[in-house]
Amino acid sequence: MTEPTLKFACPVDVRFQDIDIGGHAHHSRALIYFEEARAAYWREVVGRPGLDDIDYIMAQATIRYRARVLYPNRLEVRVGVQKMGRKHFEMAYEVRSPAGDLLIAGGSTQVMYDYHTQTSKPIPADVRAAIEVHESLTEGRAKP
Amino acid sequence: MTEPTLKFACPVDVRFQDIDIGGHAHHSRALIYFEEARAAYWREVVGRPGLDDIDYIMAQATIRYRARVLYPNRLEVRVGVQKMGRKHFEMAYEVRSPAGDLLIAGGSTQVMYDYHTQTSKPIPADVRAAIEVHESLTEGRAKP
Amino acid sequence: MTEPTLKFACPVDVRFQDIDIGGHAHHSRALIYFEEARAAYWREVVGRPGLDDIDYIMAQATIRYRARVLYPNRLEVRVGVQKMGRKHFEMAYEVRSPAGDLLIAGGSTQVMYDYHTQTSKPIPADVRAAIEVHESLTEGRAKP
Amino acid sequence: MTEPTLKFACPVDVRFQDIDIGGHAHHSRALIYFEEARAAYWREVVGRPGLDDIDYIMAQATIRYRARVLYPNRLEVRVGVQKMGRKHFEMAYEVRSPAGDLLIAGGSTQVMYDYHTQTSKPIPADVRAAIEVHESLTEGRAKP
């Protein structure tokens, strides 16, 4: 199995309001940090810049907490698509400190969704092509 | 393998502010809903009522989104401990609509943590005992 | 000047995630607590139950913090309309503890808004009438 | 009366999660944007870098919404102290778009607070001096 490449990186500033009574970012913020990177990927890699272009819904998410996220801090959040099915795609994430320490890792599965008909839909051809080119995927999977 | 029992239930009101541009609760809110039930469990089952009594940190969380969470809504969030190790414990969650539909499911792994020494610590005996009694666990596992 | 009546009350549960590093609800949560009461008022007093029925935008808000909001806690949030103009209306809020202590007070000004044309609009006649009846307002103002 | 100078500026990235069902940042986010600038001011102007150094509590906040905050967006948030009393200080805020448009304005009153004794305390001399130098205040007030 190949190592995730996660070429795409996005800086995310921790906010004071992310910090909970424990003195570190509340664990739910991991999904917010992932989301900022995913949204930037959707704009810049997939080429869909608008809020209305986010035409997928979350099916699953997994988060592994490795170290505390402190404040103030500028995180580097990496994201990549590791697998595409007909209607869904799987992403992996890494959140690192400025020093490069891995703070949070995770993955998520998204399903393309038509908000008008409220049903799932196939991944559009241009979305699929843009992701395959960026990720060097072959038939929806990372190359062996 | 036994079915999760998840005897403990906690009502959680969806807030307007949980709703994102898609018209449903933002996916990060799943962790907030889980947390309200987990905190109530810690108060009522484990018998530790104070904020300072939350002496564990999150190691991992998994969320499976089954249906949209709408507003206004009073959710029923169920939680239970399914396994205890020496220092960690695993919980399962179910978020249901008033009609009983499963909206979100998930799990999390917590590690007991000493905030003063900033290291993990064993599950205290009274915590372990309270959970075993409530969950009818035998040696840290659900009965076969 | 008459005392605000604020007849309408709505319970709001404090969430663990509202609590910041200071051990009390983050000050931004005041607006969330106000909002839950305002949304309930819009559904129950004004008679507009849907998310699409919230056809106003915020113009101004003022918050006065009187005492710390702790967790766990079920707040009583009171809200009322104190003045209506042609296109805007002014609300007052009180957040109280279960013991009746005033924790937060505040006010907000909303402007009726047409999201399609992205311009302000007059307060619809049925909205105005429902508010006047509930609040015993005379010509858009509290009775002297 | 002198115009607020608000020399201190801090960039704040809007997050996708700030956006509500109306397609713009939820109105409560104004306080979060203010806070990021205030925390940076406390670190950089006042010279107190740590989380434990935030030894004040909010007494009052006022927000005036001028235009919608959209996503993605890098805001410029300006903050300054306009008045100091013995125990409290008043700040003003401006949130601007990259093009310089005023999106949100506001103010807040903070009271110095001793978390151990849970009572207010005077503004420490070094804090007062650092603010007076930065803001060119004379006896706690902006120069006429």
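A few notes on this one:
Letters A, B, C and D name the chains as they come in the text, with residue numbers starting at 1 for each one.
What we mean here is this: contacts are C-beta pairs under 8 Å (C-beta built on N, C-alpha and C of every residue); 3 or more make two chains touch, one makes a residue touch a chain.
Everything numeric here is computed off the predicted structure, so don't read it as measured data.
Set side by side, the interfaces A-B and B-D show unequal numbers of C-beta pairs in contact, with more at A-B. The pairing of subunit A with subunit D is characterised as same-residue: of all residue numbers used at this interface, over half are used by both copies.
For the pair subunit A and subunit D, the distance between mean C-alpha positions equals 32 Å. Computed centre separation for the pair subunit A/subunit B is 24 angstrom, with centres defined by C-alpha atoms. A straight line joining the Cα centres of subunit B and subunit D is 36 Å long.
The multi-chain contact residues of subunit C, meaning those touching 2 or more other chains, are 17, 19, 21, 23, 28, 32, 35, 51.
Per the touch definition, subunit C reaches subunit A in the complex via residues 17, 19-21, 23, 26, 28.
Here subunit C touches subunit B in the complex through residues 12-13, 15-17, 19, 23, 32, 35-36, 39-40, 43, 51, 71-72, going by the rule given at the top.
Those residues of subunit C that touch subunit D in the shared complex are 21-22, 27-29, 31-32, 35, 51, 57-65, 115.
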